[in-house]
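Input: structures, listed below.
You will see subunit A twice below: alongside subunit B first, and alongside subunit C after that.
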Partner chain A sequence: MTGLTIAIAFAASCVTFACPLLLASLGETVVERGGILNLGIEGAMLIGAFSGFLGAYFTGVLWVGLLTAMIGGIASVLLFGVLVVRFNLDQVVSGLAINLLASGVALYFLRVAFPGGGYPHLNFLFQPFAVPLLSQIPVVGPIVFNQPGFFYLAIVLVPIVFYLIYRTTFGLRLRSVGEDPRIASYVGINVSRIRYTSLVLEGALVGLAGAFVTLSQFNTFDTRLTTGLGFIAVSIVILGRWNPAGALIGSLIFGSTEALSFWGTAFLTGPQASSLAQLLTILPYVTTLVALVVGGRMSKGPSALGAPYAKE
Partner chain B sequence: MGQETQAQTQTSASPALAPAPTPSSATAPDAAQPLSRGILSRSRLRSIYKAAISILLALVVTSVLFIITGANPLVAYYYMFYGAFGNTSFLIETLVRMSPILFVSLGLGIAFKCKVWNIGAEGQLYIGAFLGAETAIFLGNSPLALPASIVLAILGGMGWAAIPALMKTQLGINEVITTFLMNFVAIDLVTWFVSYPFRSTTADFPQSATIPASAMLPILIPHTRFHLGIAIALLAALPLVYFLMAKTTFGYKLRVVGENPEAAKYGGINVKKTIFLALIISGALAGLAGLFEVEGIQFSVMTSLSPGYGYTGIAVALLGGNNPIGILLSSFFLAGIYNGSVNVSIQLGQPSGIVSFIQGVLIIFVLGSEYIMRFLERKGVFKR
Partner chain C sequence: MPLFNFFLVESTAKNQPIGDSMAVEDTVKEDKTQVSVSMANPNYAIYVEGITKTYSNGLVANNNVTFGVLKGEVHALLGENGAGKTTLMKILSGCLSPDTGSIFVDGKKVHIDDAMKAVKLGIGMVHQHLSLIPSFTVTENVALSIPLPGRLKLDIIREKIIAVSKNLGLEIDPDTKIEQLPVGLRQRVEIIRLLCQDVNILVLDEPTSVLTPLEVDELFRIVRGLKEKGKSVIIITHKVKEALAVSDRITIMRLGKVVRTLNASNTNERELASLVVEGFVPSTNGTKGQPGELALIVKGLNVKGNSGRLAVKGVDFLVRSGEILGIAGVAGNGQKELVEALTGLRKTESGTSIMKCCNLANRPPQFIIKKGVSYITEDKMKRGVILNLSISDNLALKCIEQEPYSKNMIVNQRKVESRAQDLIKRFDIKASDPCANVSSLSGGNIQKLMVARELSNGSILIIAEQPTAGLDVKASEAIHTKLLELRAKGVAVLLFSADLDEIVKLSDRIAVMYDGRIVGEFLSGSLDMQRLAKMMLGSTT
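Showing the complex of A and B:
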């Protein structure tokens, strides 16, 4: 491969890695705008990846996998929602509980579904879709217009979520609930209904993010495939200032660091190559931490974010 | 620090996701009350009921897993409790398992008491273990190896926790995200260290060199794995943390900051300093947990050092109500779940994952136990 081909392939990979982060951080943006901090997104993405894989594996139809992934994601996020909206339990700890629960469910049912051990594989995947004409554009075409359908969906969702938050009645209510649920409730907004709606939306998006990992990016399921993605998505929401456009930029940046750590072995040569390549696995996490130091402090989120709210 | 810096804590704590103070009912219902005189005061009895109800409900929900796979839950729990507490050697193994969990959760109890959600104990454990073990390996067979390794493990865990602690107190960045992300950095770093620069020249798998004999913890009960670290956990760490939380002004500050940071600020408590100290103390204890696993059980640093003790500590601290005695009982219980689940897997061919599942369900019920208790009191099951 020539330098340019490698560079193009790498850039395309950055965009691909950004995809699940974008889907998840869009969902988290919506939920956090309504004042809910969902750290259980990590576990919900795992369940989405797992249920999507099971659906596709046992029916042989990828689209069924997509559906089961969304159901799995919605179920996980709604369980979290019941804990924090209905019972007003601590949001941080409830999120952590969902993550532990999700990893238990995935580990357990992976072996229930495949008792033989080893890792099952899918023979079919959501392949990249070359957009007619546009994919022929030099350099940009293969990078942006030859991606799995998930990517186009995520890109289209950026303005849609933006419109939803800033230009619709739902968005106005969502934002007022996120700023002060008590006052929102006084003026007649059904706080619980708004929050549940946002959580269902997030569940679907996070489920899709999980499905992308097992049905397009990799062809197998392992509980480690989505590890850390949820927390990186939450960090992207902070750095993106709770704005869908910010989520897009953040996802591309962090997707690139993941692609870099994934591609390490291909780029590095010499006796230290394998050592350095392994060291690169910390890159996405270190980048996120550094970015939080640089950009996190000026970031001001919805006033009621993470705060308990008991209906009076 | 003066009034001005304290005021900044408040402003820097509210943006960027800092969880606002939660109602006391959520996690530590009687945290504000001074430790009561009687051993079984009403409020303490009530917390014991709540913990027992949480455990019972968690086991009931988990039995769904067994039913799905066609196993009888009662048989499964028989194997679980037999494998955990059934005979002397199982019981001793459960105490061996309890040691790292107790160290981690005692520290997390301190952090959680002031509502600092350190979920980075796993990483602090790895860093402490690695630094301590490499210190012992560096010093070789000298009497200094053991004490020096302990100091370095404490400093390692503290230092690793100090990074998110500074990010929280100086920049107001949510510690939940930073401590969690730093787990990956720690585990990947230690994995890299023992795979490349510090790899053992003799072992087949990536692991550090073996620690010198002088740094191996003595076995206290012959023919078992009951090592000195367990005694240190029970006879030194536990009383020290109890003393710190119950008898010192720091313990008092922890409670006030956790219950009401506004009041703490007006009462002249340095909120930032309290949060910082709580985080690094919990890091130090996590570092010790890792070191004693290496020096008492494994004898070299492996990539599979901990099966998630850092996360188990979260469930334990919450179940124990962030109280050292409660934490002791809960860590014994969860150590039993770990070992008992192994026995269930052997006897009934059950898949792994039970431990994480129980922990998740347990945390949910512990959080919701105040609701459940009030419900039962309304129904007259318990006296109000």
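Showing the complex of A and C:
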């Protein structure tokens, strides 16, 4: 392999790793615009990955997996939604509780579904799809236009989510709820309904992000496959200043660190290899910290983000 | 399909009944005996009958309230804090639902389930704490309350805002963000928003409480303009003068009940004042203090605001013991930052604040407190008290390190509680038990509690920020008396208040703050209210 082909393969891998992050951070952007900080996205992505895998494994149809992943994602995010919208519980604590619950649930049902132990595998995957003509463009083609369908979907969603937030009545209301839910309710906006709607949307996107991991990126399920992705998506939202375009850039940055740590673990050789590889696996988290320090300082999020709100 | 009726409906303008005020009063008298007749009176834009509202904590905020507003009139709802005015108006505008009672709009019985329904019936309310999203533009804020699903059609809304504001002569730029507008203009945006929704009855809740005198005049001009267009305006106030100045009729509320409805032309300040507070005689302006030695010398103080820009720019002033220096000014002109710098809550960039030969600038709050500075804060909930501590603990917060309240770091609970009992009595705090949490008290009583703590620890300088905010007339009087008493004892007082009457009543000298600077100073004897009002808005002439 020449240097160029390796570089292209690596770049393509960065884009691939960015895909679930983009789907999830788009969803999180929407709910955070409505004033809800969903740390439970980590658990929701795990459930999405797991339910997607189960759906595909037992029916043998990948598309069914896609559907069950979205259902799983929506169910987990809605459970979180009930805690914070209906019962007005602390958003951070509720999110972390959902994460703990999700890994417990996933492990339990993994053993119920596959009592024999071990890790089941799928014999089929969502394969990368080479866009006719475009994938022939030198360098750019193989990097961007030879990706799984998830990626094209995520890219198309960027302007759509942007339009939703900034150019629709729903988006205006969503942002007003995120700025000040009490004022929004004074002008007749149903805060709960807006927030639930945004949560359902996020659930579907996060479910898809999970499905990408188990139905396209890997062909198996392990609770560790999605570890950290949700939290990274949350920091991408901050770094991207609650803007879908920012989420795209942030996802590419973090996708690259993920790819680097993945490639490092796979290809490093020599006496220091294992310790170096370990070092590389913490790279995404170090980047997260840096992003939070840099991004968190320069940007001001929705004013009511994370604040409890009870109807009068 | 005309989504909006851009211009004010002509037909309502014809229904103005105000010409013969005697006839109006007759109708009102009739109300009391023959309600069923008058509610059908088509001259009433809105009529409510027998409204009772009990809050979840058992407080009866409205007790069998009956009153009506005529088409095309300005109606003042007058009463002291806690009389139930806001509650009643929230019921009319759909923000609260009553326990019992009926509402008639244009003679027809209606049920107002939510704010949207109220707007459909032509009733809209400008809340006391304005309900605009600060980071949104004027257009976006108006768009929020106009239900058009799908794509945002900001252009239509913008045109409508321009049409409505032209029609009333209210200048506004639809594309500025609310946070860049002064309070007076924000209020205007709220009014425009209601007009964009084709509202016929506008409720303004204490609109003047945040305005300077000149802005109040401007608001009253707008209100009269609305009336000319045939709108009914209900204006809530606790100031008798304002009710007389702007309205056609005045309804007085006290303790959740309607006391009486009067024609503004047939009454006067004294009568109204005695109706608002039973048997209340307003006290005359305060006596003069006897200024002694210098208590606080502030020189060249520069303080940055949250935005990072200078909010206090080279402020100089001094306060003597035994005098009250009032700082007048529209909120947001650096008063908050100045207070925070003086109390050690905010960093000072440069300058000194000297008390007894000691520079307090950039010292921690604890140091400043120990030097004898008391601080009555505007933000009582966040800074004044700890809500989840008991009343007696809150009262002891600043003396808990001293004997006899503690010794060798062990608290003497008996002493702390007996002190609390004493303060509760002296400051008339309505609390059942000194061991109850502060969060169980009402806002007014929390204010009294904080004031009690700050005024009882033998300080030599009191920094009072809105000391009577949220208090009724009697409680305010009590606090004023206390401040004057302390002044007589030689305490220096630095008073910040949005209530100009309060400043004028208490201060020996008045300094005006505008855009981070002290732009003028008056002696209370030689006060030119017109000039003061102009200075507050930055005019130098």
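Just so we're on the same page, the second predicted complex is superposed on the first by the 304 of 312 C-alpha atoms of A that agree within 3 Å, B and C clash if a C-alpha of one lies under 4 Å from a C-alpha of the other, contacts with A are read in each partner's own complex, and residues count from 1 in each chain.
Quick note on the criterion: a residue touches a chain if its C-beta (ideal position, glycine included) is under 8 Å from a C-beta of that chain, and two chains touch if they have at least 3 such contacts.
Note that this is a predicted model, so its numbers are computed, not measured.
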Contact breadth on subunit A, by residue count: subunit C or subunit B: B
Touched partner set for A:Ala211, first subunit B, second subunit C, both or neither: neither
Contacts of A:Gly188 with subunit B and subunit C, given as first, second, both or neither: second
Which superposed partner A:Leu37 touches (first subunit B, second subunit C, both, neither): first
First (subunit B), second (subunit C), both or neither touched by A:Leu260: neither
First (subunit B), second (subunit C), both or neither touched by A:Thr169: second
Touching partner for A:Asn99 - first (subunit B), second (subunit C), both, neither: first
Overlap of subunit C and subunit B interfaces on subunit A (superposed complexes): 303
Subunit A residues within the subunit C interface of the complex: 166-173, 175-176, 179-180, 183-184, 186-189, 303, 312
Residues of subunit B touching subunit A in the complex: 12, 14-20, 22-23, 26-27, 65, 68-69, 117, 119, 167, 171-174, 176-178, 180-182, 184-185, 188-189, 191-192, 195-196, 311, 314-315, 318, 351-361, 363-364, 367-368, 371
Residues on subunit C engaged by subunit A in the complex (per definition of touch): 95, 114-116, 119, 127, 131-136, 140, 143-145, 147-152
Parts of subunit A lying in touch with subunit B, wherever the complex brings them together: 37, 39, 83, 87-94, 96-112, 227-228, 231-232, 234-235, 238, 275, 278-279, 281-282, 285-286, 288-289, 292-293, 296-297, 299-301, 303-308, 310
